[in-house]
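To start, the structure itself, in structure tokens.
Residue numbering begins at 1 within each chain, and the chains themselves are lettered A, B, C and D in the order written.
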Amino acid sequence: MQVGICNQYESVRKQSVRICQPLEVEDYLVQPMPDASPPKWHLAHVTWFFETFVLKPFLPGYQPFSIAYEVIFNSYYNGVGEQHPRAKRGLLSRPTVADIFDYRAYVDRHMESLLVGKISPEVSFRTTLGLHHEQQHQELLFTDLKYNLGHNPLSPMYQQGKPVPDVQPQTLNFQEFSGGIYQIGVNAGDGFAFDNESPCHDVLIRDFCLSNRLVTNAEFIEFMEDGGYQRPELWLADAWALQRSEEKHYAPLYWQQRQSEYFVYTLAGLAPVNPLEPVCHVSGYEADAFARWKGARLPTEMEWEVAANSQEQTGVFVEDGFFHPLAADTGELSGMFGNLWEWTQSSYSPYPGFKSFQGQLGEYNGKFMANQLVLRGGSCVTPRSHIRPSYRNFFYPADRWQFTGIRLANDV
Amino acid sequence: MQVGICNQYESVRKQSVRICQPLEVEDYLVQPMPDASPPKWHLAHVTWFFETFVLKPFLPGYQPFSIAYEVIFNSYYNGVGEQHPRAKRGLLSRPTVADIFDYRAYVDRHMESLLVGKISPEVSFRTTLGLHHEQQHQELLFTDLKYNLGHNPLSPMYQQGKPVPDVQPQTLNFQEFSGGIYQIGVNAGDGFAFDNESPCHDVLIRDFCLSNRLVTNAEFIEFMEDGGYQRPELWLADAWALQRSEEKHYAPLYWQQRQSEYFVYTLAGLAPVNPLEPVCHVSGYEADAFARWKGARLPTEMEWEVAANSQEQTGVFVEDGFFHPLAADTGELSGMFGNLWEWTQSSYSPYPGFKSFQGQLGEYNGKFMANQLVLRGGSCVTPRSHIRPSYRNFFYPADRWQFTGIRLANDV
Amino acid sequence: MQVGICNQYESVRKQSVRICQPLEVEDYLVQPMPDASPPKWHLAHVTWFFETFVLKPFLPGYQPFSIAYEVIFNSYYNGVGEQHPRAKRGLLSRPTVADIFDYRAYVDRHMESLLVGKISPEVSFRTTLGLHHEQQHQELLFTDLKYNLGHNPLSPMYQQGKPVPDVQPQTLNFQEFSGGIYQIGVNAGDGFAFDNESPCHDVLIRDFCLSNRLVTNAEFIEFMEDGGYQRPELWLADAWALQRSEEKHYAPLYWQQRQSEYFVYTLAGLAPVNPLEPVCHVSGYEADAFARWKGARLPTEMEWEVAANSQEQTGVFVEDGFFHPLAADTGELSGMFGNLWEWTQSSYSPYPGFKSFQGQLGEYNGKFMANQLVLRGGSCVTPRSHIRPSYRNFFYPADRWQFTGIRLANDV
Amino acid sequence: MQVGICNQYESVRKQSVRICQPLEVEDYLVQPMPDASPPKWHLAHVTWFFETFVLKPFLPGYQPFSIAYEVIFNSYYNGVGEQHPRAKRGLLSRPTVADIFDYRAYVDRHMESLLVGKISPEVSFRTTLGLHHEQQHQELLFTDLKYNLGHNPLSPMYQQGKPVPDVQPQTLNFQEFSGGIYQIGVNAGDGFAFDNESPCHDVLIRDFCLSNRLVTNAEFIEFMEDGGYQRPELWLADAWALQRSEEKHYAPLYWQQRQSEYFVYTLAGLAPVNPLEPVCHVSGYEADAFARWKGARLPTEMEWEVAANSQEQTGVFVEDGFFHPLAADTGELSGMFGNLWEWTQSSYSPYPGFKSFQGQLGEYNGKFMANQLVLRGGSCVTPRSHIRPSYRNFFYPADRWQFTGIRLANDV
């Protein structure tokens, strides 16, 4: 068992470093908006997680690498102590990138010394949690870095990436599912899952249908050209208030119009918008408005999970090396996993009987159950081993910097 | 039938005027925060509603009272046209209060001329909707006026109000309800209801229990004195962010501490906090934090409705003339109706199969289904005839200026 | 002497009431922006001034009308005590307008009982100061009321006003003045003056010239049509930053463009812009940009005073009943007094040897000597007896709601 | 002549690089507030200045290094074109620091090829201006870097710096100067000067006195301990408004209180406040409040220049390697040059007859003549060759991140 967890530890930790390999030192520092933390901070914060929740309580005699880091790299754990202000993570030129790599090495060395011995179930659980946590930040490394480079006037490339195959997406149609009582969520002990996926419970669902694939850029351009962004009847009131403010949008994030053509920033640089690909980097509000325009709606998270439970968990993940969504080519219900996170209409709220993790780790998920929407399925920058049908991601409905797309639903 | 609707029309319209009788001209004007519109605006907007949705389309030859009012008194109906900015309603010294009463008289005269004749089902529906709409604004007249007077350094009284009876509330305990499949919501045709209460549908609920009464001031003071407002582990993340900002709170709205005693502004003026009364004017965030502190949770709106369906619809309403919540004295599950709106943990979202009202009236409810929580049961300033078990009120979780209270729930 | 001051007291106090005669009760309440206080507040604040600085210290046994008013109607005298927040003056529906008139009557009664007796020089000085203070607020009654009515979608009229005579303004030319050492300012004892006008002192000035009249609307439209508002090279950096923000302007305050014609709100209602009249309601930044566009500059306050000292103090004042600037028709240097306040390029700063009034009254003027510009000469809503060549008015360079205009200057 | 300018060019350009030698790559990037640009940006912007104003117009066939840099490194020259938003300079991870050094080398190579030939007076003037411009940014490198490192929780040191000598400052006293007509400013042609120092002109000054040295930390602590920051009567109204906002201060910038002792961040790291040293990093508002508390005032810039004209131009400059102000030890009027910029009470405004530089370079100084105060004399991070008695520096009265101190003045 320890061999297993040691190997996982080493593998996940190396992957974070691998993601950063194409970066210049300067890229590690920038925080282009409060939500998009600098890569340096991500690399240190996930390390702080192991130090705080595993090494300090469980490795006898462990000396923290730096007292100051306890505050600087605490994200939001009030139970642990004060935090450096989130919006000011990009203002710290020190510790340097080299310091952070030293920090990682120091913590890795101690984690390995702990893991080679006999470890308690709690150490095993916390280490596993720390690895899933680091995988979440691996995805954020991509999204936050993309936000940085994508707003740079030089439009620098992160990496060439694998060439995107040229595929004709299927015709949009809807696949029906029968209503009834279904089980969703998971129970503790059924393999790793976050607390917010528990407990496993019955839900009563009506007949519904889901679109066989994600909405494409071509379809979204139709919406835009039909005045979608200017028609209040398509928008939720809070979304329309944004559309009348300084925050108004005219297209998905990273799109630019030059004369009559649309371009989009990708991690391989600026490129013409490919009409066949799924539309990406839309907010929950945009997804909702598009669905209304199309005479459809967004799925609930229960519908999504019921549908996903009958699918193979294949799809485009970070290991595929595209860092970009691909057009769907086959299957009755393609792309439920990977490719793009799918907005649901469900507010992020506790499952009946929900109990958060014990102690300080209780702040991991539960306290965010307000004002956010659930997204499902993972994306092209999610690690393949990280995702499950029951996995609940959550973002504010106005957020656009994640790899988010639109799957339509409807009543039958 | 027309007699019925004529009488209802007259009765509801007169009630709005009656509510304003204790006011000085000056009180009609003030908008103490963007959400709390001036009484003058309320009186005119509900009139605009009849003019816009009934008279213009259905009374041949109707001439609007004023072209300018079409913009000034449009609340949020983009389908109708532009709107005077919400936050600037209190900056309009003209039209005067007298002008508004002229406007009301003009529209009433025309409405009556329409209603005495034979009217179509659509006119009947829209008139009834307009009356329910006006009842909603009657409640807002109280809450917005209270916000104004309650923030005035003179603490002026609205009206003496009926003396609040001195009652010892019951001991707090929890009443159990069995889980199972229940029907909630209503179907069109089962008497008047808003679109957001439809359709009637089955829900699957687990065993749960509800507190037999609302949380009292005494209990809330315990929470405060236990450091409730200062303990991050009790608060949702978004709520705690507010608590660390300029918006932080230390007590319910309208409370003041003088030495060791708490005072509260009521519509009868400033008074000592009565520990036996239900705590009032708390936000959804405060309700949630209190529940967590108490080892409980807020009910879902489904649980609430299931429990309410078994209750008599009695309680303290505006007609009782207290304009203030009363301590609960009897009953196994007291105060489900009237007294105070009860926060639920349920996000305001569409029922499965939801269809909004047709046409411009579709903006009435549906577009607000984001970022808000459902409240249930009505309050001491709600008209008695306005409430139903299926009635869904909705406010943002940070809102405190409505007559809102806390009923606890728990798993069994 | 007492007869004199009694008469002056009565006369000035009555004039404030007379200005408000055309108002509806509602108009007394509105504060359309933080700088534009409600008429009710002005009427009470000037009364508070007499109560605080004359009656309380000098009328034995005087009982304040209301303890609460001491805070509510204190503008900015920290030495006196706390103040109701300036931006929230318009949120007070109580005290009512009738209460304020009672307050005025109460204070007037006591002031008269004090003034009929033998009074000390200090009482005489403070009463006189209070009357000049009330005259300043009489001008603000006009400007603040205009801001309110002028932003109301009904464009209501304050009063018809005397018809503006149809006069052809003179050709713009420049009158030269010889440089040298001149005396400006006044010394205490030379009749009433504010502390900021003292001491009288020598200044060294170079040859300069002033335009014979104010800039007209026609000339300002030329600037606009030459792209004046869009050309950064014409604007100070701080002004251009505003022009690139939400605060950007395209025309003077109160102007509206309808098709190709300009309209302007005046206290007599909306009217076409008269090209012959002086341009009014421009900021110091707009005045500066216009001057630069014209190859000229704004005068310094020393130049202005030197030129004004050689002029008769005639002009259009509030007593003339236009409430609007008139075109200049005669004279070599017309309109130096009355008509419009003239922006200077001089920062509002202390004269050499400046001493502020003693005690709490020291806050009257001196503490504002930062970030503001001096304006000179009075306007069409200034009381005629209020102005002097040495009078220094001051506003922030971005302010536009006063009756402000542009006189050009140049080096010789 | 060309040899001279070639040498100067090389010397000044090298000095910028030398200042950055102690930096980590990460330090080049950070913009801790909008006013404090990243070192990388400074190094590139001064290079852009030569490219834009010298090479493009005067070196035939010159190819810009990068089209994108024309926008990114334009500070505020609207006449040249668009600018990357000032507040977002710290969000650019690319171009990298290495790219910027390549840019500098490219421009230097071309500048040298231009300067070795015969050059026109205009090229000579612009090159000289560019060097003075670069010297200004050398000072900003220190101040902006200090703001960054000084707000880092690790308090990293920039460089050890030369040890500060232990000197007892003189007793504070005032030296008198006779009033009269004095000449201040310079005329074009009298050696290099900025346009804002011209023309040379007569001013009329009254007798005045200046303190013999700068105010010390000990004296400023007295002010603090006397409640200086809490007493509204000491503050200008705009300053007091800040003191009642989120921006309130309790001590000079970079001070921290730990128990009863004050510490201050210096470029050599955190250190106890030395009571003998001049107080540093105070705003113009703090300087003004201190002076009022002391019964004195700030000098006018005319008074300062008149006094300075009689002094030797010696003092502590950047070449002395302290990067910190020193206590004054000798002289009747010590420290007029170097050590700390001295706040004056004079608004930054045009001298009579002022003409800005021709063309695009006219934006260099003139457009900032609003809302700022003049500072005089240079500081311990100013290059010695950069300063003159007539030199006018200018900052907003609330600014504190420059090396600013207080010299008192008074009337006689």
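Throughout what follows, a residue touches a chain if its C-beta (ideal position, glycine included) is under 8 Å from a C-beta of that chain, and two chains touch if they have at least 3 such contacts.
Since the structure is predicted, the reported quantities are computational estimates derived from the model, not experimental observations.
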* Structure fact -> Common contacts of chain C and chain D, by label, are none
* To do: Compute the distance, rounded to whole Å, between the mean C-alpha positions of chain A and chain D.
  => 46
* Asked: Taking each chain's centre as its mean C-alpha position, how far apart are chain A and chain B in Å?
  -> 37
* **chain A-chain C separation of Cα centroids, rounded to whole Å** => 58
* To do: Mark out which residues of chain A touch at least two other chains, giving numbers and ranges.
  => none
* Quick one: which chain pairs are touching? -> A-B, A-D, B-C, C-D
* Asked: Quick one: in the complex, what on chain D touches chain A?
  -> 24-32, 68, 71-72, 84, 90-97, 148-149, 151-154, 156
* For chain A, which residues count as touching chain B in their complex? -> 76, 78-79, 181, 201-204, 206, 232-233, 235-240, 285, 297, 345-347, 349-350, 352-353, 362-363, 367-371, 397, 411
